[in-house]
Amino acid sequence: MTRHPSTVLVWFGVLGGAVAWAAQFVAGLAFTFAQCNAPPGRWDLPVQRWQSGLAIAGIVVGLASIAVCVRLYRQTRDVDHAAETERLGKGTPPPVGRINFLATTGLLVNVLALSIMIMTAIGAPFLRLCQQA
Amino acid sequence: MATTVSPRAKQYTDELDRLWTERPGVLGWLTTTDHKRIGIMYFFTTLAFFGAGGVEALLIRSQLIGPNGHVLSPQAYDEVFTMHGITMIFLFVIPMTTGAFGNYLIPLMIGARDMAFPRLNALSFWIFLGSGLFMYAALLQGHAPNAGWFDYVPLASKQFDPGNNIDYYGYGLIFNGISSTIASINFIVTIFKLRAPGMSLNRMPLFCFAFLAVAFALLFALPSLSVAALFLELDRQLGFHFYDAAFGGAPLLWQNLFWIFGHPEVYIIILPAFGIATSIIPAFVHRRMVFFPLVALAEILVAFLGFGVWVHHMFTVGFSTLTTVYFAAASLIIVIPSAIQLFAWIATIVTGTPDFQTPLLFIIGFIVYFIIGGLSGITVAAIPFDQQVHDSYYIIAHFHFVIFGAAVFPILGGMYFWFPKVTGRVYHELTGKVSFWLTFAGTFITFFPMHIVGILGMPRRNYTYPPDMGWTLLNFIESIGSYLLAAGLILIVANLAISYFRGPRTDPPFEGDTLEWATSSPPPPYNFAVIPTVRSPYPMWDKEDRERDNQRLERGEGLLNLEHATPATTVQDAQLDEILSMPSHSPWPPLTALALTGVFAMLVMQHYWIAFGFLVVGGLTLLGWHQNEEQA
Amino acid sequence: MALGLGGCGKQSILSTRSKPAHDIALLWWWMLAAATVVFLGAVAMLAVAWFRRERPGLPFVGEREDLAQGMVLVFGIVVPLVALIGLFGVSDVYLVGQTAPPNPRTTRMTIDVIGHQWWWEVRYDGGRAITANEIHIPANTRVNVVATSADVIHSFWVPALNRKIDMVPGMRNRVLLYASTPGVYRGQCSQFCGLQHANMSLKVFAQRPDRFRAWLAGQERPGATPQGAQAAAGQRLFMNAQCASCHTIAGTPARGTVGPNLTHVASRTSLASDEIPNTPKWLAAWIRNPQKIKPGDRMPDLGLSEPQIAQLVAYLEQLR
Amino acid sequence: MTDAAGQVPRSAHAERSRAAAAVDRSRAAQPSGWWGMALFLCSEATLFGTLIGSYFYLNFGSHRWPPAGITPPEIPGPAISTAVLVGTVPLMVLGAAAARRGRRWSAVRWIVAAFVIQIAYLATQVLLIRHDLLDFTPQGTAYGSIYFTLLFADHAHVLLGLLLNGAVLYKVARHGLTNYWLIGVRGLALYWYVVVGITVAVLFTVLSPSL
């Protein structure tokens, strides 16, 4: 493989979904705490709409980074990792093996982050608003 | 590897010896900055605490061996089960894995000569020792923490627990947290910066991935615990109201803060076990790990997702279902990284040619118990079922299979596995196998009936129970099992202790795949005469590379024998970047730790000005620390 | 094992008398079945590893790396993902709604249960009747329980009838109490609440509605006036000794709220939150030396003489 | 890389400013010291994240925030003093940049300039807190507890920063800008960037009832 993807792109591929999950998790949680742990009527937030919205936004990001990972993975699928050590020295481009490694792992991260976000997005609307568990 | 070395090579290694050998004797150990010596000190300290925690466990089981037991008074029972939890988690498993195994092995596995910050490394040990003694001082004085290891308020508030039992808990955990934070920073930087040239991320041993994950999890989880404990002490000692519902506080704030730490904690405990398993399996299965990248990632991912599941410890407190749905989803999905590793291990073992020696047996035991604990974990991620068995013995069964069965078994296996590396001698194989079967049976007999007792409705933390509940027989069986388990553990320690003096001095009876096996056993103070170059995650199996290292030693290449130095490389691809001079022995870390111990002791006694005095002293020791700073 | 679980045990979560508890038990049996399959499968693979320890690879598969990896993908990701999402839907989206507190309009009556160290205060319709440690409910009737705490966190748990609910200071948690058949169901505090956490249990008496109404009517009456000199002396003693400062007896000056309400103490079957039976002998023993029976309990040793104890017992025994 | 030891710098030999700067330029990755500080700051940032989270958790759970009898905080004082503190960030940037170019004394000058402003900031904050304490106390309500704890925690970090300033300035002025203290200066600058960020976050948190 000749052209080398930018570090930023690679790490977006690896972490995009995870970061998206973390964001929708924290924000959505804050909404439920604000609405459901407060004395009645202190705030009136459309919690479930926000939950779904956040989750969907996260899902979009997750899909994007999956796309990146797939592309990187295809680019780097067949390389002999050991062979390239020889040209490992200061300033040489990142070894393809590492990009391939990160892309593979990125796929898993994103799939799992996605499935959590999808479960929340599907689950939340079915539940009664602020029903005590 | 005891290869015969030429006079030329001998001369080089002698130079390195001169540069790296530390003071002998007690003073040498007090002032050491050698990661191996620190690891060994960690090992024996945590082993002692393990003994204490084990005695506490036996006391608990003896109290519950029959209904209306009178071995312990209610007060004593509360203190004992609280100290059992604190000891096993904060004073045994974490320091044993990160402190002992991590410290000793990480630099060896990545081909470095020490940790990135050797003096901080010593400091974290001495602080750990101080915090452990601090908490046990409370037990010796007869007022140990007594509100359970998760110490729920308001039970732990001044109003309902007026003694200073809980203050030892609050300050002790902050104190202990300082040590763990320093250690985790040290691990991350070491793994980022000191990897041998060529060891790019995709070639890092899985053991190191596990410890990297642990270090990050500790780094981000501990602040939450410190804040919780800080609030607790402000409430208790200065009359603040964070947790006091009557003044607008929230008792559940403690639970949230504690479990934001407490659940990542569970993975912090289990991850090193994964790491140890992934280094033992290839050595005995003579085969590379199946699906290396996914296993590596699964280790990191467990630690990451672990931050999103804490409310599954709080499904019964009355949060809204809109809140719990996040945690239910995350708690179920976090199963998958574990499942990936599980089946990667099984696939590796089943497609390889396993040689069932003692260390591998312990890993098999680990796999079996991790499956049991994992499956019972899935059942309590089902909220309604958790709402039935929460705080019952079912939960005790679940987390003992995870924490003892899954986290401690690899530690025991690892003790056997690296014993030849650390001591240069070999343990007694048959005794090892016997000790495994004893421990394995003991664990099952002790903890499995707890599932049933829990289903039969026995709540945890009861100092006694009535005879007519259908719990009696099962509790009796559990107690018998616990004695069996104790026997097994004693046999392990005895085996290693005797082998240390009597064991045959031969090369390890197995072929590890990572770099620690590239050096002699026990390793020289400088770890590696020649800084190795790495081309795969299994450097020991790249024979020609290791052969090249020996040739380079003959030619005197890559020795760094001019000064007390180790190479630093780039973070992602481990390209050689600079040569660092490492600090050697220093008296300051233990002194700093001593000052800190003074600070916390005075805080418990509420002598705030004296505490401040000790803090100033601690600051001054840090100045002394930087007297000679030619080190980078 | 199944029989053992289902049958024995006064407090088993599997001998259920209400729909929510039954649904949870059913969920458990299904999860147990699935878990058993997974466990046996995994152990079988390890057994294969043992029998083929000399030979690399697997039958049919050989040593093909991609097939080994496929095994990890299928058993490690695909299968669990499907199973877990299914479990999520069934338990955490559907069933969680069934075990959640009842919709106020769907319940016949509300009982306030207040956790104390270490006993349960039970208040019927806003305090017209107050008892302790023994909750009477009409069978086949949806009862709304409001669980609160007077001091530390407790957890209200009657496994046969429903899931547990924590009693958190400053919160008003609710749970449905429903019993399909009349009977006595044991419950216990399941959140560690201090020295006597182990002895903080309760009984739920599910009675035929008419019996229940009769019982409630009796509980709403003030405390009986003592019959006979012995009992009268006992009442005087009760009011003058420390008793009255901690206990309430409706219709008398005793208005203490630290300990259980004793207006109808003799109508209960047990003492000290179900630790000892409520017989004159045990009642005397309890008054004589509560710290021996329940170390650390709030009830102090009163240092009363035997005659005084006899008088108190005579009085309390008449509070039916 | 056969014997790359010859090609790569032996950083400990960089005793002079010029040499230290050369080492700094030749590095492909950040030095260990920088990583150490960065990770320590991650931990501190998480600490404040937790404190701020607790503030809002208590806020969400209560009927009125701040509770009856406590006036919402005034905006001007804290806002202005914090704005001034933010003004020290460019100074630290310049200081670090100068150090990396091996300009020992200009680095010292920039840092001293920042040092003075930071001291002034802490002084004003102490006055503001004393003024608050006249109004309400941490022992009064949970609001008071979290309000003062947040501010105290933040100021403790500013104070620690001042101590670090002193130590680094002394060492650089006395022993010169060795490789070790060049990294020290960079770590110090990093510390202040993060602490200033935290201070801004804390400011918005405690002022939130009035915004």
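Order of writing sets the labels: A, B, C and D. Residues in every chain begin at 1.
In this text, a contact is a pair of C-beta atoms (placed from the backbone, for glycine too) under 8 Å apart; a residue touches a chain by one contact, two chains touch by 3 or more.
None of the values given here were measured: they were computed from a predicted structure.
Trainee: Spelling it out: a chain qualifies if it touches subunit C and also touches subunit D; which chains qualify?
Mentor: A, B
Trainee: Could you let me know which interface, A-C or A-B, is made of more C-beta pairs in contact?
Mentor: The greater number of contacts lies at A-B.
Trainee: Round to the nearest whole Å and give the separation of the Cα centres of subunit A and subunit B.
Mentor: 29
Trainee: Between subunit A and subunit C, tell me the centre distance in angstrom, where each centre is the average of that chain's C-alpha atoms.
Mentor: Chain centroid spacing, subunit A to subunit C, equals 43 Å.
Trainee: Per the centroid of Cα atoms for each chain, what is the distance between subunit B and subunit C, given in Å?
Mentor: 37
Trainee: Centre to centre, by mean C-alpha position, how many angstrom separate subunit A and subunit D?
Mentor: Centre-to-centre distance between subunit A and subunit D: 31 Å.
Trainee: Using the touch rule from the top of the page, what residues of subunit C touch 2 or more other chains?
Mentor: Residues 77, 81, 85, 88, 92-93, 96-97, 100, 173.
Trainee: Can you pull out the residues of subunit B that are in contact with at least two other chains?
Mentor: Where subunit B meets two or more other chains at a single residue, that happens at 197-198, 250, 294, 318, 321, 324-325, 328-329, 332-333, 336, 340, 383, 387, 533, 575-577.
Trainee: What residues in subunit D touch two or more of the other chains?
Mentor: 1, 4, 8, 28, 57, 61-62
Trainee: Go through the chains and record each pair that touches.
Mentor: Pairs flagged as touching, ordered by label: A-B, A-C, A-D, B-C, B-D.
Trainee: Which residues of subunit B touch subunit C in their complex?
Mentor: Contacts found on subunit B: 73-75, 78, 147-148, 152, 154-155, 160, 245-246, 250-252, 287, 290-291, 294, 316-318, 321, 324-325, 328-329, 332-333, 335-336, 339-344, 346-356, 364, 367-368, 371-372, 375-376, 378-379, 381-385, 387-392, 452, 455-465, 468-471.
Trainee: Could you list, by residue number, the parts of subunit D that touch subunit B in their complex?
Mentor: Contact set of subunit D toward subunit B: 1-5, 8-12, 23, 26-33, 35-36, 39-40, 42-44, 46-47, 49-51, 54, 57-58, 61-62, 67, 138-146, 149, 163, 167, 171, 175, 178-181, 183.
Trainee: Can you list the residues on subunit B that touch subunit D in the complex?
Mentor: Those in contact with subunit D are residues 116-117, 120, 181, 184-186, 188-189, 192-194, 197-198, 219-220, 222-224, 226-227, 230-231, 234-235, 238-242, 244, 247-250, 253, 256-257, 260, 533, 552, 557-560, 562-563, 565, 567-571, 575-581, 619, 623, 626, 629-632.
Trainee: Across the complex, what residues on subunit C touch subunit A?
Mentor: Residues 77, 81, 85, 88-89, 92-94, 96-97, 100-101, 173-174.
Trainee: Which residues of subunit D touch subunit A in their complex?
Mentor: These residues of subunit D touch subunit A: 1, 4, 7-8, 28, 56-57, 60-63.
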